[in-house]
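Next come two complexes, and both contain subunit A; in the first it sits with subunit B, in the second with subunit C.
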Partner chain A sequence: MTPPTISFTRTDPYRPPADHVRLQAEAPISRVQRPDGRKLWVVTRHEDVRTMLMDTRFSSDRRDPRHPAHMAHMGPDYRPGLIEMDPPAHTALRRSLIGEFTVSRLSAWRPRIQEMVDEAIDAMLAGPPETDLVEALSLPIPSMVISEMLGVPYADHDFFQRNSADFSRIDTTPEQKGAAVANLRNYIADLVQQKVKEPGNDLLSRQLAAGVKPEDLGPIGFLLLIAGHETTANMISLSIATLLDKREKLEAVRNDPAITVGAVEELLRYFTIAEVGHQRLALADIELGGVLIKEGETVFGLANTANRDAEVFPDPDDLDFTRLARNHLAFGFGPHQCLGQNLARLELEIVLATVLRRMPTLRLAVPFDEISFKENGPNYGVNKLEVAW
Partner chain B sequence: MSTRIIANRDRCVGAGQCVLVDPDAFDQDDSDGLVVLIHSEPHSDDEVARAREAVNVCPGRALSLAE
Partner chain C sequence: MTFVVTQGCVDVQDKSCVQVCPADCIYEGARMMYINPDQCIDCGACEEVCPMSAIRFDGDLVGEDEKFLDLNAEFFEATGPLKGGRKLGKIDHDVDYVAQLPHQAG
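Take a look at the complex of A and B:
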């Protein structure tokens, strides 16, 4: 029997794809096919997605040609990044990195991130009172933060930022994207060589000091850049667009800045932008929620839909900044749960608080429903956000 | 009987969710990012509730409560 074809496109920015919501109610773990004919299992309920993401027999290793995210260049010699690895190699590499991303380590970055956000807003306020927020704020901030963490010299920030922005914009051609990726990879490889000669007080130098080989470090730096750049930028844009659309929410945060942390957490849940990030390959026959998934079949955990599971989040479609539900899956779950999540939280909190404080007249320059959203992934977001003040 | 928090560092993935839930009970080791218990005996109802929440959100299922 041919499984039903379902759409992965969001038609309403405030809701998961309608097909996914329907499946959650009717057949929470379903065999379906994508419009291009590829067959897969989708898992829609919170508890089942958590169970799936905890179980590493659902593999992340994309070198296996059966893996849904496998690409032609991932041959036997391909060196997978952290996000594409299984234990035990994954566990060892992750442990060598997470010390850099602890809550207390990151809180030391707060004053510097605040400075960066203030400078970006100074520049906006000094120019004409209308701009694309994606270019002016959402893309530059995460790029500057990660480049300083990695130890990119200040003089190269522009180069770094321009190339990482080219990589994530829709109006760049595949060739331009490819060139940007090559530029960044080469740049980071050179940077690592520079740190071998002249170690500094930065993540790359500390990794070298801990014994990581320079040739292994380049790809790690590259992953930290791409995993945290567009994702965080998308969340900044979506969060600000939403607050400008729902003025009562904006006023609530402005009147009580202490709820900014709760607003960030709730916006992460509400948008769950890395919806199709949780693609896995079953390496064995595995029973999940009463359904038998066979070896070699692929499974998608639909985190966005799981984050609207009414059994876990009462009135799940309400955007409620006082909910403080930290058990959402916007950063995934299990051993691959986002390494940079607390950096993303920090950036979002500082950006939202500072924009609300310093730009009291900020408004959308186009109606909310005319905003161009990134409807076809891999991460949900905003292509362009025209604002005025 | 009092409640005790048990942390299995082998399962910890260092996401720091427990620290966000209750920074008075949980910390992370600076060198490997893994969980460190500041104290393992929540007393007040509030402390016990936060410990329960940490157990629930922990992405590595590394935390449990013995009661």
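Take a look at the complex of A and C:
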């Protein structure tokens, strides 16, 4: 029997793709196919997604040609990034990096991030009172932050942003994406060599000092750049668009800035932008939630529906800034849980609080329904967000 | 390397950490929580949710908190192998150092 074809595209920005929602209600672990004919399992409930993501027999190793995220360039000589690896190789690299991204370590970045956000808003306020927020704020902030953390010279920032955008955008060709990846990988490899010669007070230099090999550090730097850039930008844009659309939510945060942290957490749950979920390859026959998944089959854990699981989040479709639910899966779960989650939270909190405080008349310049949302991409987001003040 | 529960947890035991731990490696002692370093996978989920900021990465431990790296490990020498903290619930035991701390009023 041919499995049903499901769509990974949202029809409503405020809800996960309709097919995902339907499957969660009807058949929470389902054999389906994508529009291009590739077959896969989708896992939709919170508990099952957690179980799956904690079980490393569901492999992340993309060098295996059977892995759903395998790409042609991942040959035997390919050096995988953290998200493309399994234990024990993954474990050692992760341990060397997690210390850079703890809450306590990142708190030292708060003043500098605040400064960057203030400067970006200064620039907006100095120009015409209407702009694309994606270009003016959402993309530059995470890019500048991760660039400084890695020790990338500011002069190379435009190069970074352009290539990262080409890699992430839905309207670029596979050739353009490939070129952008090559540009960034080469750039970071060169940067690592530069840090070998002249160590600085930055993440790459510290990793080298801790014994990480330069050839392993290239893929790590590349991943940190890509993973933290467009994802955070998408959440900034979606969060601000939502607050401008749902004015009562905006007023609630403006009147009580102390709930900004709760608002960020709830917006993360509500949007869960990793639209295609967490992709794994079964390395054995594994029973999950009463279903037998066979060796060699691919499995997608859909965090977006898991985060609307009514058994875990009462009234899951309500955007409730006082919910304070921390067990959402917006950053994944298990050994691959987002390394930069605390940085993303920090950036979102500072951006939202500062925009609300310094731009009291900010409004959408186009109706919410006419915003260009990112559809069919790996992450949900906003292509362009025209705002005025 | 591991995450470590420190003194801020003593007599608090909020347990938000237990709900977010994918490895189910955080155990409830009599007066504080303990992370089993052999089971910790360094995901960092617990540090962020702790309302007392009592969970630290071992590389970030300073001053009085440094001793808690060994104290967390010591707890599991007495318990023997465990399969996860969530179902197990409270273990009516603490390491000596913690058992002898004066009560930390809330």
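Here is the rule we go by: the second predicted complex is superposed on the first by the 366 of 389 C-alpha atoms of A that agree within 3 Å, B and C clash if a C-alpha of one lies under 4 Å from a C-alpha of the other, contacts with A are read in each partner's own complex, and residues count from 1 in each chain.
To be clear about the criterion, contacts are C-beta pairs under 8 Å (C-beta built on N, C-alpha and C of every residue); 3 or more make two chains touch, one makes a residue touch a chain.
If you're wondering where the values come from, they're calculated on a predicted model, not measured in any experiment.
Superposition model on subunit A: subunit B and subunit C are shown in a clashing arrangement. Look at A:R326: by the touch rule set out above, it reaches both subunit B and subunit C.
By the document's definition of touching, neither partner reaches A:Q193: not subunit B, not subunit C.
In the superposition on chain A, A:R105 makes contact with both subunit B and subunit C.
Applying the stated contact rule after C-alpha superposition, one finds that A:R94 touches each of subunit B and subunit C. By the document's definition of touching, both partners, subunit B and subunit C, reach A:M54. Shared-chain residue A:Q337: touches subunit B and subunit C both. In the superposition on chain A, the residues of subunit A contacting both subunit B and subunit C are 54, 94-95, 98-99, 101-105, 326-327, 333-335, 337, 339, 341-342.
Put simply, subunit C touches subunit A in their complex at residues 1, 16, 19-20, 22-23, 41-45, 47-49, 53, 56-57, 59-60. Residues 50, 53-54, 91, 94-95, 98-99, 101-105, 326-327, 333-335, 337, 339, 341-342, 345 of subunit A touch subunit C in their complex.
Chain contact summary for the complex, subunit A toward subunit B: residues 54, 94-95, 97-105, 326-327, 331-335, 337-339, 341-342. Contact residues on subunit B toward subunit A in their complex (touch as defined above): 13-17, 19-21, 23, 27-34, 53, 56-57, 59-61.
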